[in-house]
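The same chain A turns up in both complexes below, where it pairs with chain B and then with chain C.
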Partner chain A sequence: MAAKVAKQSRSAGVPGRKGAPEQEGEELPLQAVLVADSFNRRFFPVTKDQPRALLPLGNVAMIDYTLEFLTSTGVQETFVFCCWMASKIKDHLLKSKWCRPTSPNTVHIITSDLYRSLGDVLRDVDAKSLLRSDFVLVYGDVVSNIDVSQALQEHRHRRKMEKNISVMTMIFKESSPGHRSRCEEDDIIVATDSRSQQILHYQKTQGLKKLQFPMNIFHSGSNEFEIRHDLLDCHISICSPQVAELFTDNFDYQTRNDFVRGILVNEEILGNQIHMHVTKDGYGARVSNLLMYDAVSSDLVRRWVYPLTPEANFTDQEGRGCTYSRHNVYRGPGVTLGHGSQMEENVLIGSGTSIGANCCISNSVIGNNCTIGDKVILDHAYIWNDVHISSNVTISQTVVCDRAEVKEGVTLNKQCVLAFNVVIGPNVSLPGGTVISMHHPEEEEEDDDEFLSDDAEVGQTKDKKGKQKMFNPAEVGAEGKGYVWKASSLDDTEDEELTQCLWGLVLNPDPESDSEDSEPEGPDDPVIPSPEMDDVKVVQMEVLGTLQRGLEENISCDNLVLEINSLKYAYNVTLKEVMQILTRVVLEYPFQQQGSLITASQYVALLVPLLKIWSPVFKNYVKRAQDQLDCLSAFEEHFLEQENHWAAMVKVKALTMVFFFLLHQVLKEMYDLEILEEEMILRWFSLEPSTNQSRKLRKNQGLQKLIQWFEEAEESSEEDEE
Partner chain B sequence: MELQAVLMAAGGGSRMTDLTYNTPKPMLPVGNKPLMWYPLNLLERVGFEEVIVITTREVHKMMSTDPKTKLDIKMKLDVVCIQEDGDMGTADALRHIHQKVKTDILVVSCDLITDVALHEVVDLFRAHNATVAMLMSKAHEFTETVNVPQRDFVGVDQSGKRLLFMANEADLEDGLIVRRSIIRKHPRMHIKTGLVDAHLYCLKKAVVDFLAENKSISSIRGELVPFLVRKQFSKMTSGQKRMDDTETVDQKNDGLTNDDLFFPSRDEALLQLAQERSCWNDHRGDMSEAYHGGKLRCYVHIMDQGLCYRVNTLSAYIEANRMAPKFIEEPAVHPSAVISERFQMGSDSMIGAGCHVADKTSIKRSTIGISTTVKEKVKVTNSIIMHGVTIEEGCNIQGSVICSNAVIGRGADLKYCLVGNGQRIEPEGDTYSNTKKSILLEVSVTFGLV
Partner chain C sequence: MPGPYRETDLTEKVEAFLSDLKRGGSGTGPLRGSAETARETTALLRRITAQVRWSSAGDLMEVIRKEGRRMSAAQPSETTVGNMIRRVLKIIREEYARSRGSSEEADQQESLHKLLTSGGLSEENFRQYFTALKANVIEAINELLTELEGTTDNIAMQALEHIHSNEVIMTIGRSRTVEAFLKDAARKRKFHVIVAECAPFCQGHEMATSLSKDGIETTVITDAAIFAVMSRVNKVIIGTQTVLANGGLRAVNGTHTLALAAKHHSTPLIVCAPMFKLSPQFPNEEDTFHKFVSPHEVLPFTEGEILSKVNVHCPVFDYVPPELITLFISNIGGHAPSYIYRLMSELYHPEDHEL
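Right, the complex of A and B next:
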């Protein structure tokens, strides 16, 4: 059996076997691509001196966790791709246990300055034909103990059943919203087919109130779907070799997100699918910002990532073993603890560290060879190696990098960062969220190009220290060294993501609950109008909107007519209804603008100019005699409805004003452009009054006078004509 | 009395007008029983003693007079008649009987034929103190072909019981939209299509009170239930609203305005206390209280197996007839039928009371209605023969529906046909196939599926 495996791997070792037949796939050694670069500047300025993959988490470099995860899950060959500070990563790996001859996982280190994204890496993978079969794709900052073998089996099974359809299996961990290890900015929503676990929709939810799923994802023939928001993306994916090819084919794919989106959108065209695997009990998280760093560190200390625990010393480095005692307190060799100092819970202290008297330490990680003075209070503090902390210092939820020095009486509030070699104090208090670095923020622009060059940059910054801009004692204290780092100085051209702060978004318990209450809930209106009412109402709203816009933007009446006409066809309402709506809208317009409590004279004052403006619109709809009658009855209806607002007398006055106006128009426009003819007004008046109220209205003296006046006017005009 | 049962039997059967032209839908014979017998039987089986039946005058008259449609029901039926052409929706009907509703109600539609364990639905209603609990079932294949283009999307939570979302495909042009706050509360939502709504609802009395106030809602399925489902997550039902409501429980009738949709139950304060003191929770993950403090809760029981038919289309009607023998414990051949010795009959057929079946006939997978005469050498396969039909010698009837009082002439050959009420097929030996000798001709036939 062993001979067979060996033979297999030898035959597979022949170069250029990219398209090796799938059947062999299962027996090939499992390969992995580890991307030891984040391709973003989230951790600046910390990562200016050390690449993210080498940042210590629980006193072990993050990349070691990733490699341990890969090895324990059965990966036999790992390609580590480095770019930013590649030589540091290479040095680290060459010294580590992964490069010993006994390592079950062969690590190949590939460095290039030209990688600018995950896409570049995978295109290079494709160009070099490194991969022979399905592989695990993972970032260098993933901490996980998930056993992917089951997912791998499913993935292979799917690929066997339907040749080359499924290109990727993404690994998710189940964790409810609000879980500590869920990073708010990486929150995702996934829609899947319940049966096949195929991903149909994948979206980041950050900042979204409503989640929209396009209908085409529900046309897959299945009748059960799942919308899941209880998933944490572990950033571990099992990819088929096609993935690298697809990245080559689509040179615009930069990130995995691009890829996933591209595959999902083009599913129907290309026929590629993405599936998911959900693990319930494994642990997997990517340290994508300092908040996640905090969360993952505490999880590690609380042993959620078992068997990767601090005392396990899985990196097999000498002198790094530590003892584990209750309340999750870990002490490395040579730790000295002063009189009266307490390590309350969840504390990890590295080797050679000495702690003074009467300190109180909880939920913290302290690196190797640190010295801590007396009466120091640490909570959620992450102290890396060779740090000096003097007496009477209080630190909460802060990262203190290598060789930093905190002098007496300093208080570091929440979410501060002291980058490498910074000196703070004495007797200052840093406000929350302060980031202090030896790099002047203005360097940023100067060495923009250096972003991709490796550690040559370190030398250059030393030169800059020669130029020495003065440290601001107000910021860092009298003896302090370091500048306040401003993340906002980043280019606009960078991804949106990068402009976010080091710590990531602050996790509110429920960030949207407040804003949501104020959100108007359109569809929840308790009144559900019956369907046929609906259209008329909708048209009325639209007409109102159109007219309003017309006023605001000075749109010509012709265009308004066009828009109203299109509404007529869109909602299939009759011309008569259009006119009624139009009349109603215009007559109600002053109420809309000024509220319903205006007096009649105000009303008329507002209405008349409006009528003047919109008279061409009316003219367009009020052409035939019947239209005029309809228009008048709409007027009447409206004024009758206004009963509760005004007394009848006032109403009539308003009505009179309108008639006068219309008549005025009529006269002015010399009968050929008229809207309403007085004939029609008379005819309307003579019509059988339908309701009591309208009868009352007609009997009103003012109105009768008006009508009388009309009649006389007509007679006289007839005479004139003769 | 915990629940009052209400049977909705006023529907016109607008999707099967061929059949309901002469016989109102609740009276259509299925397995020689009127359709409305099935839901009544369902209620009787679980021990209801009284049912409010909302129906039309016509049906009421038939119920009390026509022996053919006699309901074999021991329960006390409280029949409420409504206008036939009044265009009343189901919610309107509930509003109509508002005065009679004293407690929570169980609403059943007359066209439901199911062997569901009714307690499943009622238990959901009780256990969660739900506002509404309803029944759905996986769709059967024959129904899918009838209304393919517009699927209903039903969203339930992880347990598959809590109803979170409900929409028709026709209303989802811009895609399916879910508020993020809902997803946060129920991070795992199953969206199901291909479900049949059985139109069986448990409703809180307060819902009926609410209906009485809100005249704009006219249909339970179309408006009320979607409205309640949406309301579950609106701000009304949570937070400080609850506080002042508990104070005003005594005067809840004043408090129940159109906007204020709060449904207090009888023992609200006690339940509240029990929930606070209990460590039980309906969800995991976040640390918030059970139901996230929501007062309005909709639940659905989705049948995985078992029969559930809504007899509202022709194909469903035919299917229901085929399944009917399973529901009826009576002998397949009614004792009063006069049957010749020399005839063949399959075990899955039924012959009603007072039938005359002559020699050399063969009846397979068919239902023969009351007082029907089948003469010699007739072959009936896969068909439904209603009451009082006469089939002359030598006919061959296959996959057809013959409505009441029709006469099939000698030697007629009918395949996949619908013969309307009182129609006469001339004895010329013509072969009809896939046609309808009926008053209404324009509706498409779905016999091909049978």
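Right, the complex of A and C next:
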């Protein structure tokens, strides 16, 4: 701690001495904020044992690539923020060349268990006031060789010219759709002012079939616009110190996306702008899921990230240099290769690894000190350190983590993951997409919030003793150790999503999961409406949820009204639509609760108390004469719909009669509660019926009796008045 | 504590140099010619000699070898670094020998008798302490530095002997030495230069711009047109990255094509190579010979789908066998390729070939 303080004071002393140049805003050392945490669980269960920033990519921890990128681009001071398994990251960094006194880039490590998002980190940056000038913001899993100095110059120039209006410059890389290193979920569409490079609109396309652009972006500024879909977000941004302040001011900003959206939406109010810089010849990508891991690894082996190549040994570790030969084959020191084994192309083999006879290896990365048996076929395999693979194994597009063991005759199909210490085999074949881990899926909830690695280890040993016999031989083989991660205690749909997430595949973007995605972002989110559902349906679902909660938690009707009103504004639906939705929801409520096979009398019995409870809500919306008519027509529509539905299902004509009766019951109920005035009911009745069905409805006896009764009552009241 | 402070200062310098070398040649780091690299290496070695504590020549050689191994490993394709380290080691050997009073000639001679009698002994001999050694070594390194400063000019001075009026000269890519050579000749003579563009990096374009600014009649052709145009050419003058021990070249991509075309048309091929590019390396050392950079120049990243289906390579160097070369012009005069081995043994001590 003392050392850190001393270092900071030393670095702070430099501009202090110069004083005057600081005023001019020149020649301050370039700083960077490196967030060594992803704040999500995309790499679970792999990241249960090793933080993402330390996962090896081409046998080098990902954070080393990020630090090398920062150093080579001229950053002189880096703040590394760690949260999940902070101690491991810290150990790694202290051992690395970045913390040597001769390093041109001073690295400060700041750890806290309290960071839950990027927002928390930047708020802490602001609170500690670590930054003095523009800084580079990156994640710990970005691999890049982009020279940001040009972007930095543009950024500084803009800030000088326009008095600090531009707060951030995002760096993009040109790459056309269909490129390997573009994954579905990071696809973005960006609208920019082509002259000033100002970003006007930024949106993730993620499975959207319809894109919406706010019109106002086309009215402001110059008259040249670009809408681009050929950009890859490198997740590198040059930020001014204001960014940290903005995060503090807006405590609900969690991610950079929140921030970007917030700035773009409030541009007119706050006057802040975001610009972009498109690089043509650099490489930059973020390893956000295993698909990207695969893509970035192969780009690395194919030398796209030159000079960050495997043989360059830029981390300066002893005995890690390797030799490079044709067809992109890299061999570390002490690699032995058996008779007849072939390394076809794009292969990286770490030091001390031995490979048996007649193997065939292509497009793979193998870590240090692994042993591989005879007749092994590896294609797109990512094998980390100290892995044992026996003979006659076939592995394709699979990640095998440290110290895992694959026994004889095992076949691993595409997109499998073997987490740390797992044993598989012999003679099993894992279906594609299987994730095996030493962590039992059920323990997930137990140590959910335990962030100390010690605890996880205790759990693991306990696990080994207590549950060893519970390994399922059908899944992992007779001598296997490990659990299939998929069969978790969480409900199935969510878990399927989890494995999807690991490899980053969007299998079928069904509307439900889409609405789930947009829900946590709050209802005040007009940017991502799901494509398949129109607003009315969304509102209907929301209203249903609201009313349900109201019943369960006994929320007062005033508050329900407030919530429904906010929905109305959020989705921009008319009052009429709100009312129709409301009536529909209420009338369908008994079906929702009890299923669709209930008799009419049961239905009425259920509906009546509900109507009584929610009558204040209705009263709030049904005020004017027109409202009442709308309400009634909604009723009618609903009952006619229901009738059709039932008739089709049961094909009993008699049921229609039941419904006519039902309608009359419900109408009477509403009348009793004084929501509808009798005059309006009469007027509705006298309206010209539009369809055959509704004409039939009006001829219903029960209804006519009711109407009759109304008419009489009116007459009598008129008489009374007289 | 001035001592340790100065040493960390020194290691900082070494580390900075190493990381510069590692990033070199990609556009991300400072891009430099090999002359500059040679000067920087020598200056750094002078610093090490001056600042590191050493008591005998053996110690100093050990230190320089250790640092040298790291430097040459940092960017194996940049052979000038290794060459300068060997030169400095040779200087130390010579200065030590002179301090002891034995004649330099005796050391230089390689005879069967000497091979039998010496061996392990030679290392032992460097343990003696001489007060003046440090100053002498630094003085000699300074001389080496001045020699390096003058190399390009020395080569350019010989231009008029080789280029005559109304000749057509062909060159490829951009070499600072060749550029200076042609410009020097252009002050007195009028001739035509054809520059092959040297795809995919196209340094030939820069070369042509620079030459035409100095009033030389210049034509740029594609690499594919080399053979077609060769029949009109009187002389081919090229630069190189390294001159190998067998007299062959490791030069920029496309040079081999050019050399073969020149051979076919019996056009003389002249290589302008300063002495510091002479390397005791042989072309069969495959690991360090090649340099593959990002395939971006060959097939841009923006191409999209095709990139996931094909492998793209972008090698930087070509090997040119010595048979195809007519003449080397170095800062000490012209030599035939077959004479290179002799120059090599004068420049470097045989024990230093392996660092």
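Here is the rule we use: the second predicted complex is superposed on the first by the 447 of 722 C-alpha atoms of A that agree within 3 Å, B and C clash if a C-alpha of one lies under 4 Å from a C-alpha of the other, contacts with A are read in each partner's own complex, and residues count from 1 in each chain.
Criterion: contacts are C-beta pairs under 8 Å (C-beta built on N, C-alpha and C of every residue); 3 or more make two chains touch, one makes a residue touch a chain.
For clarity, every value in this text was computed on a predicted model and none was experimentally measured.
Enquirer: Go through the superposed model and pick first if A:281 touches only chain B, second if only chain C, both, or neither.
Expert: second
Enquirer: With both complexes overlaid on chain A, does A:213 touch chain B (first), chain C (second), both or neither?
Expert: Once the two structures are laid over each other on A, A:213 reaches chain B alone.
Enquirer: Quick check on the superposed pair: does A:189 touch chain B, chain C, both, or neither? Answer first, second, both or neither.
Expert: first
Enquirer: Looking at the overlay, what does A:559 touch: chain B (first), chain C (second), both, or neither?
Expert: neither
Enquirer: Applying the touch criterion given at the start, work out whether A:112 contacts chain B, chain C, both or neither, answering first, second, both or neither.
Expert: neither
Enquirer: First (chain B), second (chain C), both or neither: which does A:102 touch?
Expert: second
Enquirer: Just to be sure I read the superposition right, which of the two partners does A:304 touch: chain B = first, chain C = second, or both, or neither?
Expert: The second partner, chain C, only.
Enquirer: Taking the superposition on A as described, I'd like to know which of chain B and chain C A:205 touches: first, second, both or neither.
Expert: First partner only, chain B.
Enquirer: Applying the touch criterion given at the start, work out whether A:224 contacts chain B, chain C, both or neither, answering first, second, both or neither.
Expert: A:224 sits against chain B, while chain C stays out of touch.
Enquirer: For chain A, which residues belong to both interfaces, chain B and chain C?
Expert: Comparing the two interfaces on chain A, one with chain B and one with chain C, the shared residues are 175-179, 230.
Enquirer: Please output the residues of chain B touching chain A within their complex, sorted ascending.
Expert: Contacts found on chain B: 151, 153, 155, 169, 172-181, 183-184, 187-194, 214, 216-218, 223, 227, 230-231, 234-235, 239, 258-259, 261, 284-286.
Enquirer: Over in the complex, which chain C residues touch chain A? Could you list them?
Expert: 8, 11-12, 15-16, 19, 22-29, 73, 286-287, 290, 292-296, 300-305, 307-308, 311-314
Enquirer: Could you list, by residue number, the parts of chain A that touch chain C in their complex?
Expert: Listed in rising order, the residues of chain A that touch chain C are 71-73, 100-104, 145, 147, 173-180, 230, 280-281, 283, 302-307, 312, 314, 321, 323-328, 345-346.
Enquirer: Using the touch rule from the top, collect the residues of chain A that touch chain B in their complex.
Expert: Of all residues in chain A, those touching chain B are 175-179, 189, 191, 194, 205, 208-215, 218, 223-230, 510, 512-513, 516-517, 521, 523-524, 526-530.
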